[in-house]
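Letters A, B, C, D and E mark the chains in the order given here, with residues in each chain numbered from 1 onward.
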């Protein structure tokens, strides 16, 4: 779906964000490359602690102590956000890139009314006055399908349900018609029926405003329904990146495979689910080589020693389908067992 | 895929987090708080000084060198050749010896008060928070009511009553003997110290009871308590095996801050003339006895004033360090 | 693939719930009189058969967790009957209840909160034995070690503290703790919803394996219908304190009768981008259980609502054999 | 809300009542009183205290009545005599006290002799109270008459004379410590673990660790006595105002009782109290701000593109001040009770000193009045706090 | 719901218990558990240790009084320190002092003390530090005194002195409110050894301190101040006789007996006189504190501070009332002295007439001893000094001075009549001259039981008062048989009978019961002294202004302020220039600060021997 000829709206190159804690340096994001094209929905999927939220916060430049962006560039609309000063950033945040969060109720300030919180964005970025801001806020609330928008605008966040609060967040995020909306697990805290509402809303809004969306979630179902392109993250790096259909139909990274195999799917009853043994590595003491190697069944199957020695690079497996795995990549001393097959197949 | 993956095979590399007991973690974090570590060193030093007071002091507490009033630091006793490291006070008592013995009393008073008040507070707070209902209501209303009463005035009244009337609260001889041994005092002189402990602890437990109750209410929400109940645990089991150990962190913090408070409170009572009385030396009554010399011999009040200040500061720092180290928000 | 649910003979009932009610009072006013009731569980009846897994599914606040707690009497039910192995639980005295707790255990949602952070996990696991005064401390420890091994942990883990484990391991410890008393019946209260997907499957597999090995009966509470479908033999759907549909999982998936069940099924995102489904998206939020809607509680959100729905509460009826539903539409 | 308030007020009344009982009981048990020291005056040829004199004084101050009767007379001013209905007296011969107790000696179980009252040679009956002066009761605002400090004259006179000075001192101190402590607290929270934070945290600790009495005397020495002797500008060492004009180098002549005179006298005590309390407020604000800064909505505010100081001063502070506002009301009793030690050190004629004097001199009507008012104020502050909570935090509704 | 019901029940319980308690005739209630009723009278069973005179004497020998003085007055010159030491209840130079040769003096002599203790059976075992007796009981004695820093200081030294003699002292510092309480501490003889001070009087008095019938006990309603329980017939008789005669020699002789017995029996160890310390800014003139003169304000009209029109005197205690009948605190007397000074002064323990024409002595005819005949039913003062209605069998002192039994027949007795005339020209501050009516009002109020006056001792012994019409003054007749050692000094004060109150009444018409609360009396009295009180800012200061009508002309300084300060800040305020004078009631002694400041020339200090003397009372009977 991605048109590679199009110029990406956002391009992340070798982004490294580390947290300097008392236990050591947590390499939350360690060399992420990613691009988002205008108008697309990019799904960023991964388990908790894989660095997907940190990546999104890094884009917003909202990493606070003890975290720090240590390397890489985030080029948005031709400018490297990493190098921007606070005043310029302020013009981008909430205006050109906006963000919605996982816990909508705690993401809203409990002591201000809903309309004021939406209006604030307009006040800052569009110099709208209080009254105009309020009117626009109500308009936006109507747009996001808030029932009884006028009176809801006057309520405090705690008076809203989770779904309503997320609508407010979306309204706030869209207030300045941003180029990009980052939705960090927007439905995780919500019930399934409400989740369906919110996902529909995001989809509608994307169509209406034409913004690109980075949808961060751990729910593969949500990704399958929403995303056009998907990046799979594991332990601070992207392990696979492809359009949504190839990714689900033909996942190639052992982690992606395991992930897809491990979730129960409605209507497809299996006696046992697939299992990825072990658990996510500690981001302080990362294994040398491939980060997934300790849990990787394929590594054992093919008896690859390089996996524990050298870190694989994210490379094109197919056009538009990138993977970070020694199964598909050669090295001076190492011949990728599956790459050969693929090329052989292709030749046929 | 390999659906017959055996669960037992999943182990091995799994424990990726370093093996440390909570205690080790706390200690590790505490060590990072430099001021708290410094405070700990200072407090340890002071404790050692007072602990070895009988060996360090070259004079007895009540020993008076007649006429040797206000001797300067390092003065030498002519008859015996012993050194008054910190000089003498207004009636010729060796100031250093008094200071370290006084520290023993002051710190014992603070420690025991904290011990009693925290224990009482923990038990009452735990019972109140755990059982809730009418009992909780009565206990907490009582605590709140006691807290509405300004404590210093009340301390004054009560200590004046208790100090005066020996029969009002008879203290068992064993208590006096034990405390006397700790503080190196004649058991009968110990009475005023024990009374002040009772007075201080009598008010001190209120705060920790509230704290404990809050903690218990919070812990009650945790599922491990429910888990214990589902295993058939009795209330006592839950309170002692789960509630109290889990609530200890803030209690320990409040105890160390409490130590600071008690050291100062004892001194304040002494300053106002309602504290531990003279045959028993404390930093507080040494300070109050010499505060009249503030103008001309400032070191006299300064010498006992400084340890009060330092101890209070150190306990505060230690409390702060412990708070940081025990902060549940930081991951364990 | 599935052999359990297809066994023809009907197994005896292990747990029979009848008209179970749990109201939480809301106090207010001058004398703190009860002003309103949170009707968390309202006249719920169902049965769990020996060796089966009953899935209980519903959105947050629908009362499924309260129901689970009521069965274990961790929450005292307001009224109704809970019959477990022929014993009426609601009438048991504390001592007898303590005895009975060996037979029924619970696994909690939050693996971090459900383990005492100040207790080495070995102690947590033997706690049940210690409380029930079973065996010497040495024997207990052996049982604990065995249990830990059974859930895939090692002996030396017993000395460690919960914070040293990952979420999945903690959940396994939780399972081990529940199983040391060798219960017959296990309430699994959202045991996997706090876990990552890859870990979730580990735990689900273990649960299934243990069931097979030990002949356990589960009440599996979850909000994720696909997980429930995966593990359960029968599924009960709950909405605002009421059970709206109970049937076998196959029946439920193939032939959902209640509109809410249908909506729930439709709302679940399927991890297959090629499937594009007709969506039945419900409007609005779940109403408050304090003042639940009159009649059918679902009528405020039901796309098929008609007049009668708001006037009378539909009873839970056996529409097809072993397929119960509470809706005026299904006659 | 109304029901809540009514319930709270009822509770408050109960608490006040109990605290009245407590304070009364406590001070009735305490030794001393208007008779203390009387026998310490050596009898001379013209002054001799007889038992009859003592009895008369006991009667004058109601000390001959039983404690419950004294309590009700103190609390609500009754009984004042027998109940009179239609001109007929009832309960006239109810025993309410004893003018001349009979004491006897007993050997108690600790082997000590003990004097116990075994009888009464002159019983006070209810009808004897007729015509005896009594206060209208502390509940009606009549605190009775002072025993010692302002002998035989209303306690309220004493309180009224001290209250303005204490309000000045504590009011200013509270104002300054909040004005200084709050920004410091915010700043150290925002710059957590910075040098500034460490510095002020340490300073705050020192402030709270420094005993006031010690600190106060040091301040007098450093800012009053020493500079004055050295011919430098100095601050007055105590009192609330001078009685005559004085000259301070650089400042010139200060007229006694003038505004500048009062201000100069306020500086030292207010500084001492402020320095101690700044510590408290800044620590309080710091921790509450740290808590708030961790919250998601602060991140949201940043994500909106707000300037950092808007994020801090609007979004974070508004929430950080919620616990602060509610604790501020607890300075209310402090405004009344004063600062015992600081007032002593600076000869400040305030309530704290009054209370100390009343205790030292066993002027219990005064002590009880102060005690009672503080308890009432604390109870009121508690209610105010709960009401304020609903004002500052929209999430909280009183039920 | 539950909570509220509980609260209600609680409240009702409290109310109910209070009602019940109120109905209970409290004091008549039976006493609690009694293990054993009294088989031996308390207060008459001798103290096992202290009843032995040898122990008491030993303690006296072991006491180094000079050292005690040095500990509390380290800055006093040695000569003065020596002078402060007391051997008996009188200081060396007093007219009633018996002389060194007539009393037993206990110089500091630990050896003598040790010998006496050995003799008494309290021996020092090998290696022991505390003596013990044959029964193995150790010689430890409880010693009670107040928490005052002054007493803590010398008590610590004394404790060590006793320790050196093998006596173990258990020192208890208790709050003054308990020690001097009405039903606690000293008043109930709740001590073994107890230290406090007697405030010295111009006249030695002493009846209530040393006579046998002044031992407080439950039996006598705790009357008397003989806390030691010392009953020595000879001493008891002597002290009564000394106070029952006007003949100086007779008094001296009787006091000699008292002192001899007192020092022999050692019921109390006299220690030392306190010094009275005064400090004032260097420039102050006219201020001259003198021994014997309690009221250092006696010359306040002459005080002068160059360059200042105001003098500030610091008080650490605020007067409670300026109505002298209800308030006798020294500060109140001083504050009142400014406006209503005493008629006489007592510089150097001698009497000087100031506002009276002369003392009413027998020698100069101002007083006469009339011979009166009394009969049964008359009110007289008996030989014991008590006011009695004469009946047969009572012993009285007849006109000849002999103590006789009243048989019922009329008998001749002495009646003392004194006439006091004030000097001319005394004028109230409002310009109205002082009149005899002002004395009449004073006498009326003082003897009105409603006035709130503390003591009616004088009124009870007054036969009649006649107010002079030819001069300002009165003639006072005492009851037959009463002799007052200070008979020659004025008895009644003055109140402005003419003063019109704020409510329009004239002071003379105001009932006595209102006086204590009358602002014109308790807070704004007018007088005829050197100053008039302009304002009393409670808690802060009393502001005075020169009285233009003062009989001795205008005072040197037009304004005078008594500033209320705290003891903690007193010295700082003096050095900081906020107050000019600090007197003995504020300064516990000379401090280094003051001495340094004096050396630097900024202030001036005085230390004089005061009349107040410290002593240790020894309880001779167990409680």
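To be clear about the criterion, a residue touches a chain if its C-beta (ideal position, glycine included) is under 8 Å from a C-beta of that chain, and two chains touch if they have at least 3 such contacts.
Keep in mind that what you see is a predicted model, and the values were worked out from it rather than measured.
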| item | value |
| --- | --- |
| Path length in steps (a step moves to a chain that is touched) from chain A to chain E | 2 |
| Two chains sharing the most C-beta contacts | D-E |
| Most remote chain, CA-based centroid, reference being chain A | E |
| Rounded Å distance, chain C centre to chain D centre (Cα mean) | 57 |
| Whole-Å separation of chain centres (CA-atom averages), chain D against chain E | 34 |
| Centre-to-centre distance between chain C and chain B (centres being mean Cα positions), rounded to whole Å | 48 |
| Distance between the centres, which are taken as Cα means, of chain E and chain B, whole angstrom | 46 |
| Multi-chain contact sites of chain B, meaning residues that touch two or more partners | 5, 10, 14, 16-18, 160, 164-165, 273, 291, 295 |
| Chain D: positions in contact with at least two other chains | 7, 11, 18, 30-31, 112, 213, 217, 225, 360 |
| Junction residues of chain A, two or more chains touched | 258, 270-275, 277, 279 |
| Touching residues (chain side chain C, partner chain B) in the complex | 69, 72, 74, 97-99, 101-102, 105-106, 108-110, 113-119, 124, 127-128, 131-132, 149, 151-154, 157, 160-161, 163-166, 169, 174, 177-178, 181, 202, 205-206, 209 |
| Residue ranges of chain D in contact with chain B within the complex | 11, 15, 18-19, 22-23, 26-27, 29-31, 110, 112, 114, 198, 201-202, 205-206, 208-214, 217, 221, 225, 294, 333, 337, 340-341, 355-356, 359-360, 367, 370-371, 374-375, 378-379, 382 |
| Partner chain E, residues of chain B touching it in the complex | 62-64, 66-67, 69-70, 90-93, 133-134, 137-138, 160, 163-165, 186, 188-189, 273-274, 277-279, 288-289, 291-293, 295-297 |
| Chain B - residues contacting chain C, complex | 5, 7-8, 10-11, 14-22, 25, 222-224, 226-234, 237, 241-242, 245-246, 248, 331-332 |
| In the complex with chain A, residue positions of chain D that touch it | 192, 295-297, 299-308, 315, 318-319, 322, 392-395 |
